[in-house]
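Going in written order, the chains are labelled A, B and C, and every chain counts its residues from 1.
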């Protein structure tokens, strides 16, 4: 069953070539674009407020990642979610490093209140920060296991009416009541920068081609996990693993 | 003959180490810099208006790519082409994703009217958008074969008095009257982000070391195509192919 | 002894996972983050002035690289060094391409006068530019051997009361009186973009875990050199070498 979902997701992305618009951080841009291209999606990256309406109205989904949040990008994100709401374009939030500053926390509150995200994907620290349980956070990485954030993720999902995914050694996806666990992957995934950002981008691509949001996010997490397992079986250090991860996605995608 | 042109281009870049200034998008910056370094050119990346005059006046050529166009970058590009015009520095335009917004189309018109580019390189969608034939565009990728844009490219080249290159499975380079076709490469090239941007950067390096603009752009496209063929013969997925492409350029360059 | 220093540095970074905040250029962001992650450090990248105080006050060290200097980034850097000074967070300067514009030279003067850096790392051109000896510079690369900049580096270190490292075929580290030479590495290091920036980031990580600043910078340079030698023994072109360099750091780190 696992593999059927992944195969179906890959098939839909490959066939429809959805345009995924990304407002994301500078560290992740190249890797996220390559991950989306490996699957056959069409990535677009822009954070210029003046073209958000033109771009988002023509996109299949929208990914917003706050990893290198800047003033112009905040304007762009607010404009983008407004257009997404009006045009029915699903959007996903990656609260990258939300705990590192008051500015990021305030901005995320504003953004999600402006237009409900279809999904949110973060690590345990980030999800707990969104829950307001004020855990100590250290940068953009998380030292907390995903299981510690499951209850918080359920509450967050129920409150916002969204899907919440918590990445970690085991991933958890919840709609506020049911919780799906996804295992697999590779420990090397946490040694490659922007791997979490890329996971959010893949979930964004899934939202573009699959109506059931919960199923879309689960399939995306499984796809990432499968690619991680494949690459992890072939490489033992992060430099070669990162290229091998892109290769694995491409192979799984069957392009 | 093919290989002689490529060898000569590589030799000139390697010997002269031209400083290539790039105003480009965030997705492409790292890959373009590595592509230029593999050939022995000296890449520089800045989009700060206040230093454009200092930088461009000392550069051997200028590459402007609008893939992540932002307000400050637009100011920088206008300042850069003004300096390029005054100092006789050739510049090349990459109209990346020009079709995705009114803002990009308007800006490109303004830019080329301010100072004639020595060359323009884009995919078929982008070139047709510049021609004003208003084809539907989807993001930064092109689903249209290059051959559909050849007539448009000829008109564009003749109107602006520039060289136009259309990238695709087959590449076309025209000065408005003659058209050269370049075959080869690898289908994997379209699965690596910023490959087109890197092609423009290489053409920019060629303009820095070769007086005949048409010959410079043709040689650059041939070099890219040859590196793509080499890497494509060695790798079958985009992650390893991207690294292999850089390696192939370095090998061809004979450094 | 050489290897003992490197092993100890790696052990401390791995055990403490220091948060390294980077205000750096767009070309280097992904590579620097991957280099820091390979060693087990926790990289953070932001150039937004409004969150600098929150971020830097919680960081273990601060890296400032001026390779793609922009107005908002200058504001962020000034705010960051002020916070670093107040909170006792050591910071390191990478004067990337300082010679390409008046703007960069002026900004670096302002920055170092605001708060003394614990260390400065650059190539010979960049260090000579900081010394005001006005050598001709070409972009961000250096054609001058490091040995030409040793006397300048000593004077600079003595004047500012800092450690100065000059990268090149042979690296030199000085505190103004003693000078340590570091050999090894690989010629391919200069064909990978952002290798120097990554070296500064690793030195930043060393400053976070080692009180003796001179020893910290020397160990960081030795670690980079050792990883370069290892990767250079395995790969002969820059694309595969870059991934192999990350792998080598990870291996040396013993994670």
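The rule is simple: contacts are C-beta pairs under 8 Å (C-beta built on N, C-alpha and C of every residue); 3 or more make two chains touch, one makes a residue touch a chain.
Quantities reported herein were computed from a predicted structural model and do not represent experimental measurements.
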Exercise. Looking at which chains touch which, would you call it a line, ring, star, complete or other?
Worked result: complete
Exercise. Would the interface of chain B with chain C count as same or different, where same needs over half of all numbers used to appear in both copies?
Worked result: different
For this session: Mind checking the centre-to-centre distance between chain B and chain C? Centres are C-alpha means, answer in whole Å.
Result: 31
Problem set entry | Shared interface positions of chain C, touching two or more other chains | 26, 30, 242-243
Problem set entry | Residues of chain C defined as touching chain B within the complex | 25-28, 30-31, 67-71, 97, 100-104, 138-141, 143, 190-194, 237-240, 242-243
Exercise. In the complex of these two chains, what residues of chain A are touching chain B?
Worked result: 17, 19, 26, 29-30, 33-34, 37-38, 42-48, 50-51, 54-55, 58, 72, 242-248, 250-251, 255
